[in-house]
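The letters A, B, C, D, E and F name the chains in turn, as written, and every chain counts its residues from 1.
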């Protein structure tokens, strides 16, 4: 992100005033550790993800690293808030039926301060678009929501 | 929707203050007719959709009508703004690679005042989650965006 | 379901003589409990499903309840027998590769008196349409069939 | 199909009395030509399919021929009637969202004497399992049904 | 790409002797223009792709450009020859059922000197893995092969 | 495979000189037992697969056996080497996100002498085509690669 002469830094201006090429790291209200302490499902998922990612990192595959980098950049604050994009990641993951991806985005959204109601409405979009084949994943997502939001 | 003593009607309060069971029709800035006049792609899609839906309506299938009803309710103003949910519908449709569905949600989002930058960021989430198999649909989506936003 | 002057109630007439708007609960030959006693796989699935659904029910999400309702109505006796529609649910679940959904519909079909041969022929349709990516799910389905039908 | 000493030939006994290894060609009530005359959509699909298949046949690829052969055998009369299996093919095709496959199985089912109500109920299973992403395909399926059954 | 003392440049050594971080542009035997002259299907696809990509390029979306860049790098000569990776792209595209992607990779493979037999065997892998839902795409792929290889 | 007057048997000629109808069993450098001893993940997968397949074999379903036979024939040495086709199976399985299928083809490729770099490049094709939804499967694939190749 290049320097800017704006008195107000990009990060502090509302998303709607930032151009699509301005991106910044979002501010998390909670750490992964905090979520892992609240939810057993989150803890198991985060531990397993960390262990397996260490193995991928060790392989040091150039294209995997490039892909991970573009992936990371996709969810930064931009024209849309990071919150919204994590919920979009949740919708996409639920439609495409990947439990690990659902857990990841629901945890990220939680860490950014998304409410349970907002998570449920996102899952509703995924349910109607994706159909009843999505239901077993919805059940597991609700179990995680229950643990995180109680 | 339970009665409320609030002086300010549900519709006018911000989404974050509405409970998930309160839903209302969103306010469109533009009619379908307006979009059809700006974009040839939109016009063709809307005409074909109207013609084919007339045929489905004529069949009067009870369960199809029930499904359409739940579908309609999913995108109303609720805990999340209708705008966000139409963009989530766009992400889901792009990941699942359905041109008709992409056109539908991109048009709906446009009618609700979503900016081109917001549409592009939504498509970026779908692209990274769904991969290069999404690219041909992305190209056709950009063609529609170009026509609607110019 | 509108009143009918027919001497014979809708439920007792053959499916082919009922209109598509007439729907009725099917008659199960076996309870879920019976199946759970015959098959360990069925028991684990039914227990987990019950536990997770209790959690979803507790959330009391309006649209989830509406969706579940339409889903329930889809598999009632209608123009097609409930048996056939459960087997169609099995085919769809196998093609879309969801083990939980496969177990659910295979159990439902069993409870309605479907034979093992009929279950296998349904899985064959899913196998040829869906390809070898379906095979791991087919193997798990056969394990359930083995337990239920022995 | 091994010889049988049964007085009544396999073909004439009800499906439920045939073993799963007994298969026979179904009896079509209508020719493809007849359907092509009733429905413009069917005619275009059947013509295009015939032209493209001629090209595949010319290539004479051993494994494609073997695959086509297993595919053909899957839909013969067996433990389940051919009618039911064509409708299962329709459900699978609709869930997996392939218009050509939908048209193929809806036409086959029509040729075997399936009623419009039975076709609609099959599509309802696909709609609830597959979700709203299926809707554009449902619309095109209803257009074909309208032409074939009017 | 780290410095190497090898007298023979990376590009000229066989793939098996290159490390996975060494990548180079493949050598095409034929231009897109050549393929477009041989095949009407290829010509229409390439023209449409060029026109739509121009539109995407104009939007100049940072993340789309990054994604396209990683995508381009994936198919360069590396541990595996470019030829093999284009055929893998063909298999993936056929399994995931995207005609545009199938045409793209089949044309790329042709341009790199892949034989018709090799293209057909790749399609066979996609057919068995993906099932009969792949058949309509197989038919269209064979039409392109027929035009390119005759 | 028809008789041939060639002094050199089909099996020993390079793939590029064999016609697509000539197929032969590939030569494995390692047995399944060897891989199971190196890798705990492989061992668990192979044991479970063997146990479940025994159950499918016992059912003796004619069409399943036919399908398995065509499947087996697809990966024999032909116009393309068996190695390449196992890697194509790996790409397809990764795109379609089936862990069992990924494990199967990665093990087969290993047994045929494929290098780790070649496996990783195949996974890269699947990652870019299939998107980030593929990542959890990629992580599990890397864990298997780590065990097999160390």
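Here, a residue touches a chain if its C-beta (ideal position, glycine included) is under 8 Å from a C-beta of that chain, and two chains touch if they have at least 3 such contacts.
If you're wondering where the values come from, they're calculated on a predicted model, not measured in any experiment.
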Set of chains whose contacts include both subunit F and subunit C | A, B, D, E
Compare the two sides of the subunit A and subunit E interface and say whether they are made mostly of the same residue numbers, over half shared, or of different ones.
-> same
So which of C-F, C-E or A-C is the twin of B-F, meaning more than half of its contact pairs are the same residue numbers?
-> C-E
Approximate Å spacing (C-alpha centroids) for the pair subunit A, subunit F = 34
Indicate the whole-number Å distance between the mean C-alpha point of subunit B and the mean C-alpha point of subunit C.
-> 32
Chain centre separation in whole Å, for subunit D relative to subunit C (CA means) | 22
Numbers and ranges of subunit C residues touching at least 2 other chains | 20, 61, 63, 67, 70-71, 74, 92-93, 95-96, 101, 120, 124, 127-130, 132-133
If you connect every pair of chains that touch, what shape comes out? Choose line, ring, star, complete or other.
-> complete
Show which residues of subunit A lie in contact with subunit D when the two form their complex.
-> 95, 127-134
Where on subunit E is subunit F touching in the complex?
-> 16, 19-20, 70-71, 74-75, 78-80, 84-85, 87-89, 91-93, 95-96, 101, 115, 117-118, 120-122, 124-126, 128-130
The subunit F residues in contact with subunit D across the complex are 20-21, 61-63, 66-67, 69-70, 73-74
What does subunit B use to touch subunit E in their complex?
-> 97, 120, 124, 127-128, 132-133, 135-136, 138-140, 142-143, 145-146
Residue set of subunit B touching subunit D in the complex reads 49, 52-53, 55-56, 58-59, 61, 63-64, 67, 71, 92-93, 96, 98, 100-101
